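Quick notes on the structure that follows.
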């Protein structure tokens, strides 16, 4: 029992320079710092230390860093982890070295299925929950026929596959899809194909820059004006901000978090804004929540022994400005309520960051894949 | 996907749009290569810089000057960005590249590779890599033109037209004027051309400035279409290299034609087999290398 | 009696996109002779050399070396058959020492050029011979200098030593005395005369003194075709040759 | 002799030149009067080419004084020197392969009035007329040499620096060049000729400078040539 | 003196894991071998390949896949990876070897991009996530390379370390030998004057191709080993940034020097490790290093030192 090496070390491993740096990046580090400071800087009388590094979205860098942190820095918990490759690699090393990893940005459901780990937590969202929340809702409001623009890699495929399944489950149909290479700058060809398909909804199973480019160019080719709807499967606040309301208005998507949802979220987000100059994305808020939850668990368990901490966390209810009705499941999935949001019209927006309105709150157990559906070997069925 | 002739035509138009960028970039590379014997790896980064000059001019310059409502407009950017980047090019040439002419050309490649990393790194540090929208598209270029087989955004039509105009003007100057013959001669034996009374160092400096200015120009033209991001040039440049290899470094016209036709090839691929869109040019390159190792327009060594 | 001739060309022709640089040349080089190829500038002499050594591909016609058709072979194969050329512009390996230059050539005979697992010391058996060759062209003292630093004439001499190292049956020399001072010209002439023993030499040369003193037989080329052929005295009196090439110079 | 002073088109004094680390010319002094033809004789590597290049500023580093038509040029960049009316025919010919023969010919800008026109040049060099649309380096060695000469006659340069122009040329052409140079001299060109072919040079020159190891060791006027023959052959190995 | 230097370095290599974080040292060794292999090509044939990551990463994938899915022992995995890289090198070589200089660089770069595409798309590579969970396995079926010793409280993967160290030594020795072989002599000659080498009867293209294949194979060895050390083969390994990095390593240490690439690799890898917390400034620093190196010490660290030694007493040979 007690604190090993007399210090609790938390590592934030995130994308500081690559395509996801706006989503996580320095903001995630700031969020983690805030969490530690708010916790008092100490747990069980021992100092909490934060280290951070850039995984550049490269699995090898993430794995090297995680290994080094585990071997030489004696890190207790690693969070951040913005893409699935990095998250998988770190979770793997965590398993080997008994270091807890809490992925806040990666989407892949494999983290809690084939590759689930006793020390791995998937905290914010996954490629099952997002489409389930968004896809179903959109079909229900009349978007019956779909055409997908899919980023051609595992993450995109998985988003597309899951969304298609929900679309069909709600009585919609999928007219076709086109797979575009990751980091495409010109979507016009694909958009024309989507347009030609006549589908009501063009589902964007991609993220970040690809998403932004696709939306912008859809507007250029008059797709939305032509009566088709664009639906993003993974959209961050920063994406909406960078697109501008003019372009993004009316779009529906799913998110785990929106700053302007209630008093608690507003209060924290404003503090965050004061430090960083932008409102938090769901990842950044997720990092804060994850660090706080972890520290609470240590306090409760009275030790930073990873097995004990994991056990304690599994028994906790996680409720804070980020997580509503959250709880950590045996497969590592942190199940919490999700939201369906809509981008405001420019006329509705009163402030620079007044971008979204929450349409619907979806209970976690409804949004996330059930344990029974999953394939985690640690779950006894 | 059903391949009607409309679809094919539409995709060819879009391909032409990409091709125009390939052409103007590979042409810039060819011009620089011609006189400095340097493959300008920084070309992509300078293209990005051009787009950023337009973007920052539109978004930030006003506030910076204390005039929040001031936006540097698109037309000004079209002029200013090449000038700014061209001047940076002049500086780079005068302080760095100049010292490398006597050594193996590979060092030029390496130096500009380093510069590309620096530029990209600095911008990545301050700007969002997932891209920022440029909102300065001028009013008259908004909307779309009916081309019978498709509605084509006016701006894209303009971007094709202006890029081609720049390409052909460059071609004319180099192949058909006296200045061009100085350039071509300077390529081979600068010190002798100098001995004939021509200010070669100045010519070299200006050529580099002009070449990178062209990249910046392409950047401004691209800004309203794509998101402006620090990494917008880094992948593009490698494709442009492949274009250059396929075309053969020898000729200016070669760069233009190859750029355009490869753009169209890429456009078609996007309908036929989209996943290969980013790579079709590289496969094309292998094919060309097997059949005509010196490139389509290249001369045998 | 083709055994008498080591090299023969039959209607050898080279077109450069419309311009015929070499046109139906029938050249016969007798074994063991020194044969000079002369002619006005642009007559096609260097082109003939390039054709013979396969640096250019003939447009038509054939080349026979010791009765065997070598028209379609690659440059390196032609060299392996024993036809070695020198270049109009001096060709040495500037960063290697003269000793290494010669050894590179000698090394070919060992057949170990692909043997990346053998130590360099496996080449030591060539050292003695390399020095002999350097000695024969008067470069023994400079064997371990930087080749780049050698004087022009010394580089030419080194080039010849390197060529000799391959013990070629047929040596092609492209203007061996070009750009040399009178002193060096004499030396090179002497050298060529020495090495010509028991091998055949085909040379291009503008220096008529050298030609006169060395060549057994002369072919005059003009505008890609053979204008005249014969011994020096005979050729130099030929009025056509005088008009096209020699002008009023009499040796 | 104030008169000769004014007539001096080129005067070089205490000229030092370096290529990188190596010091090639060690304080050269000589001068050439307007309309005069002088040769620089010497062995291979004596430094003659370097003298020509130094006049044009094409060497790594140079110091001393070089006056062209009274103007100090030691600090000027090469292109400014050329514009004073200096034409250079380099020893490696320097034909541009990416330019056609005609473009090669037209390349050097006119620096002074009084240059030959294209027709005149083509009558002098008929080979070139025939091949004027060909690319520069598809020419044979000799043709290139002609082109290199022809090219500077157009520009109006009146101080010609000719480096080994007979090298690799057929005897007939050498003779033709001899004639040409005599003509040029009559037209008032000032010529510095670097020549390996002593017999060619001897017939043409007003004076000979003998260069050895980066120094000028002797000046021999034409009249004194016969008398100095022995010493000369010592220098040159003729 | 040389012999002493080698012995000292060898001993340092043996002792290293006890002094420095072993995974880091293993990473250094892999990259050092990669850089040495690369140097064989550029330093001794003058060919700048901007696509060497294809061999490094390609082999990493092949080895990773076979060790993970076909149960190959690690040493066999490395050997097969090496052969695969050699084969790739042969194919690349056929396509590129006739080109030189900048052209060669661009073509290799573009070809490597094709390999990148394959690594991205092929069913067995794990796409964007990379090929993860590569087991380290049992060396010769006997020694567990995954075993961690605890010495003075530090976890040391000594078995793996010495496995990597031996591979490095063998690879390094092969390169060293190739450079100082009859073959190496001819490479030098070709680099100096290619037409002349042809006219002496050398089949220049074949010789260059052989050099290319050796270089590719050893780059493959490095990549294969790396996939075992990190239990991962990813797109980074085949990306053009990696190709650029190996150029930097070699340049920084000294082109065409035996130890240069090793020194360069150490510098770059250490630099990256030190700067990893600074995000994109790493790219900037690497960029600046490139620029400074090209502008002011083109011979590289080792090259500059050797030059100092060389210019002092003029020794005739070597």
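Letters A, B, C, D and E mark the chains as written, and numbering starts fresh at 1 in each.
What we mean here is this: contacts are C-beta pairs under 8 Å (C-beta built on N, C-alpha and C of every residue); 3 or more make two chains touch, one makes a residue touch a chain.
Chain labels with UniProt names: B, E = Branched-chain amino acid ABC transporter permease; C, D = ABC transporter ATP-binding protein.
All values derive from a computational prediction rather than experimental measurement.
Note on connectivity: the fewest chain-to-chain touch steps from subunit A to subunit C number 2. Looking at subunit B and subunit E, the chains in contact with each of them are A. Chain centres were defined as the mean of their Cα atoms; on that basis the chain farthest from subunit D turns out to be A.
Comparing the centres of all chains, each the average of its CA atoms, the largest separation from subunit B belongs to C.
Counting C-beta pairs in contact across B-D and across A-B shows that the higher total falls to A-B. Between subunit A and subunit E the centroid-to-centroid distance comes to 37 Å (mean Cα coordinates, whole Å). Centroid to centroid, with C-alpha atoms defining each point, subunit A and subunit D lie 77 Å apart. The mean-CA centres of subunit C and subunit D are about 31 angstrom from one another, to the nearest whole unit. For the pair subunit B and subunit C, the distance between C-alpha centroids works out to 48 Å. Multi-chain contact residues, meaning those touching two or more other chains, occur in subunit B at positions 121, 124-125, 275, 278-279. Of all residues in subunit C, none touches two or more other chains. Shared interface positions of subunit D, defined as residues touching 2 or more other chains, are absent. Contact between chains, as defined at the top, is found for A-B, A-E, B-D, B-E, C-D, C-E. On the side of subunit D, the complex with subunit B involves touching residues 56, 58, 77-80, 82-83, 86, 88, 90, 94, 96-99, 103-104, 106-109, 111, 152, 155. Residue ranges of subunit E in contact with subunit A, taken from their complex: 21, 23-24, 27, 120-121, 126-130, 132-133, 154-155, 230-232, 234-237, 273, 276-280, 282-283.
By the touch criterion given at the top, residues 46, 48, 50, 95-96, 98-103, 105-107, 109-111, 113-114, 117, 121, 240, 244, 247, 251, 279-291, 293-295, 298 of subunit E touch subunit B in their complex. Across the interface of their complex, subunit D is touched by residues 16, 19, 38-44, 46, 88, 151-153, 175, 178-184, 206, 208, 243-249 of subunit C. On subunit A, the positions that touch subunit E within their shared complex are 16-17, 21, 25-26, 51-54, 58-61, 63-65, 67-68, 71-72, 83-85, 88-89, 92, 108, 152-155, 182.
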